[in-house]
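What follows is chain A paired twice: with chain B in the first complex and chain C in the second.
Let's look at the complex of A and B:
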């Protein structure tokens, strides 16, 4: 028998639980009972505990926050989304939120599982700075908030179709009202935007101590600036022109696509200073 | 009514004050920025022609490249049109803020007035409850609860059979977004100061060498120009970095010298910097650098004024100029010095500086060592078993020493810097290979940016502004206390209405807490008619 490393086991188990939660969540959209969301929540919590164990083991073995390759990065990203999902569920108790968030988590975890998984105790000298933790955690939390906003955006668009077609049964009853969805979407963007800004600011300070220039226009920097501009646009459109509801929901989905590109696309397609591994 | 005249000035003002412009500029900045992440910036033409050939084919790629060059795509973030967009962005930001600030200021300063009960019931946040108590008790408790939540009731109005309390807090939080806007302008000012008064250069300084200048990027130079540049640098070094002395020694005026410095990308530092040594540490058993360090010394007026070991993330700053450890490499054709530490079996230690081919005696013995070989990166070929040099860089330096001992005879051994155990001789004495000094250079990023403090201050201001703008709000509330009598029982109906500039849900919870706090302190109370 091949020896399986404990952290790998934790990862696979978390992935499996997230997978089951996604399946139940999607089925629950069409013919779930009222308490479907409870089983999603339980699965997500157990998955989250295992996922945390995986990250903790990698942290101890590597001696630094495990985010130095795409496997670790994608895994940590989905971990942040689950943290935020559980917090939001606790705070607002939005039924069926899991049906929209767990698929995002699952896709990220699946892509994480496809990248090489080596734990590297050797850290590029540039990364050896306390800004490493601060900068990256802010960025991941901001991105997680944007992921949640996109999930809520999808919920909004679906709910909006029900309201328009006046089919006020089934899924319509399970989804939160348009007004609360819109408000939570806005709350999440107004959480993600300051976090993204702080991530950029800390990146600027770090770059200045490491390289002697705070802004080099490298692809990762530019793409986060693009993401920042788009979310700034979303906020300005909402506050001055009054783009709420459907348009805001649509924009939050577009914004998240940019986030994903900044995360994966820049690393895989474009080269730059952030390509450390 | 008199019709307002619209002058050209008004029209321009309106153009720059419009949110539509903001939206257009946002989208323009975001979408054009993409170009610079695909086309490699400030790269050799061949790199990008190769890239373009993938999209446009080999034959048209050079033409497309030339068009791109004309459009400024090869250094697009500094091109005239991108800079214009940034200027447009700032002008729009400033004018929009000036346009809206007075209105916001009025909202901040507007005194609160009592409202009609019907109006209160239409406010975004409303709560109603009834408490069995007297009007005065109810009023006292509500006031206490309000002030514990930092709502200071400045005024109350007595109406017929009722009392109205009203309060607001966080009016100034409406200014948060202006603070954020201000910080963005400060960042632009910082960037302009940096570009105008700062510089960003580099210096590759070999171990043991000194320089009183850094290099800036220049256009490609011809051979004759390069020769002149070398000559200038030599004279500058012999003039100990003194610019006026350099000009005198070159027989030119300082103005001409400055112009030549600019053309050749030479930035005089005003002092001299020496690299004492450079060292790389590796993660054990791997060739991954863990840390690279240089010891730098600053010399001014023939005096050592500063000495520091720098490493990545830990630069050295002197007179506003900062030296960052950024890279390293080998000096071509350099002859270095072997630094060995010899320890005999009796414990006597000696540090030796030797050239290639030189011999030394191990203290207390008759064993003689001679340096006969060197490899910057020694390894055993896994296939042939032979020793090979696998890199030109000093990844795993090893010195080959031939020993001649009366007892053991003549033998040759390799001593590896990273593996001190390789230096233990059969008789127990040890030779440590400390360094092959003088063959590596330290790659320094040299920059001065007087604008960076603006950036730092602006960052703090922005963080504060964002917090205020997103997590605090201007909240207003009105409370009507109306005594009711039904039969024997006396009770007070409390009607609350409020509005918040943002985050209505949180405000709603706050009002609930204020009311429940008041009602809990009044005995025997029971909320009625919650909506």
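Let's look at the complex of A and C:
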């Protein structure tokens, strides 16, 4: 037996790399030297590879998708965010994005590291269904898109502050244009919303096959629904009356706070059927 | 080998003197030619822009050379010497190099960091090259100045942010909108600054241009100039629904755009962002509309504020630039010092070679008929002895960076070289001219 398990090693290494990336990202906000974004990207990529290895090892050892407790859930959540972050960087090359996204990843990873890490050998029979994988992966991908949207929303609000207040120093030069931030925020919500919708639908179907009822007003179900409504509202208001810019950015941040509460708060504070997640 | 800079700029000379002292068009070549044929002036380059007139020269003697150049400027432009001298600055040696590097890097410009000066300096250098008025010293100085300027530009943020009203407007537009080519723009009224800003916007991609004016004819004329469309003044509010960038510059004594208007317009636009620039004094757009979401209003004072912070930023960056210039002056001085040693090294080598040849011939004659192989062996022997012997003084001359003159003097005396301290300064310049021809 190794003194430290391989998957734990992978996890700790990924966490460390995300940590360094966060530090560099935050310093990059204040120090106006050369672009730090390349080093953040490299760290995130290496961290991501190790993180993937961690999840793969857990999958092989446990024989099921490793999203069965809060440790695994938070870890998978941040993994999804890193996937989207890398894709977004590849597609748009947004300066300073890492400075706003890596802290979210880090906080999720740190909280993940604080929950018990055991790989449950005997899975709750309810989870032995292919709906389990589809439902959870869809949910976390949607949540990751909302996390990105919130990060972009924060960037928007900061940049908007600069332009409105007419004090154009500090981050003004480095942050992207308001329009691009607003559009990317919108695209991310348009991506997250159908994912969340599908997650809820698959959840409902799965609930019916597992418990014989579609909807039981379990706290997680309720809070997911509230989150869904918020994002539905964001999209609806944008398309009808043009709620864009500051309001959209603000709502996307509120939406993400709800996502986080639905994920952690419901599990830790309110007991329900989803307690095993 | 003495570099001098004689000139005047926006700080030292009022505009009328700068105008008189300028070397424009054919005058420039004429002046270069006169200087080229002046005794004691071995090389010259003339930089003449609207903010500065400077002559860079390599002279045999600093004092007499400076006097000659000063007198030349006065005579050439028929400016009384006592008037001109009040505006002129004279730098020599290290100060001259620092000055040239600072000018090239735009640290000495009226607007610090403005990029044109480097191009102007390159042009001046090109003309000098073409007219063969510059030689090894000034060529090296110019090349170095250009590379220093590039270093300053890349290593500091000296040229990063806009320092004119019209550029500041474009910079802001780019931070509000991602792609200006998909945005529509309207110019309300006219005026120099507004039209300049409009031109900058068009240069930065804005294609959809509208112009409106109380005098429709005026609007039509401007629209033609900008390749846009003229709009009746009474209809401009309706046009705002489809325009993203507004520049307003009318002589109206009151607000022509108020909160109510913009509320309605924004509703029709579905809150698509709008950037309004009010250049008019008194203002034409109610400042309160800046409070409306997705509406960004800048008046002339706001833009001045932006420009001022940017200038402060540039001045901070300029300090970093000064450090780079100081560093580069040091390396240039080192190069120049090593150049001082070149004639001595050449003379030493020539002398050694002459001695070797003479002795070799003598010996070979005395020895009589030797085989080809033996002759070659003896030759090789003499060569290697000479080379090994002169290696030490040569290396010493090359490495001496601060006390080159002393070293040159010592070596010249020991080996009785005829490149004494007296001629030393002549040689590199002449060699430079040879190289060039």
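Note that the second predicted complex is superposed on the first by the 270 of 277 C-alpha atoms of A that agree within 3 Å, B and C clash if a C-alpha of one lies under 4 Å from a C-alpha of the other, contacts with A are read in each partner's own complex, and residues count from 1 in each chain.
The working rule: a contact is a pair of C-beta atoms (placed from the backbone, for glycine too) under 8 Å apart; a residue touches a chain by one contact, two chains touch by 3 or more.
These figures come from a predicted structure and were not determined experimentally.
In the superposition on chain A, contact of A:241 is made with both chain B and chain C.
By the document's definition of touching, of the two partners only chain B reaches A:125; chain C does not. Set against each other, chain B and chain C differ in how many residues of chain A they touch, and the higher count belongs to B. Residue contacts after overlaying the shared chain place A:6 against neither chain B nor chain C. In the superposed pair of complexes, A:212 makes contact with chain B only, with no contact to chain C. Shared-chain residue A:177: touches chain C; no touch with chain B.
Residues 183, 241 of chain A lie at the contact with chain B in one complex and at the contact with chain C in the other.
On the side of chain A, the complex with chain C involves touching residues 32, 159, 163-164, 166-169, 172-173, 175-180, 183, 241-247.
Against chain B, the residues of chain A that register as touching in their complex are 121-123, 125-126, 128-129, 183, 187, 190-191, 193-194, 197-198, 201, 204-205, 208-215, 217, 219, 222-223, 225-226, 229-230, 232-233, 236-237, 240-241, 266, 270, 272. Chain contact summary for the complex, chain B toward chain A: residues 19, 22-23, 26-27, 29-30, 33-34, 36-38, 41, 77, 191, 200, 283, 286, 288-292, 311-315, 322, 324, 326, 445-447, 449, 452, 455-456, 459, 462-463, 466-467, 470-471, 502-505.
For chain C in complex with chain A, the residues that touch the partner chain are 157, 160-161, 172, 174-179, 267, 269-273, 290, 293-294, 296, 298, 302, 305-306, 309-310, 313.
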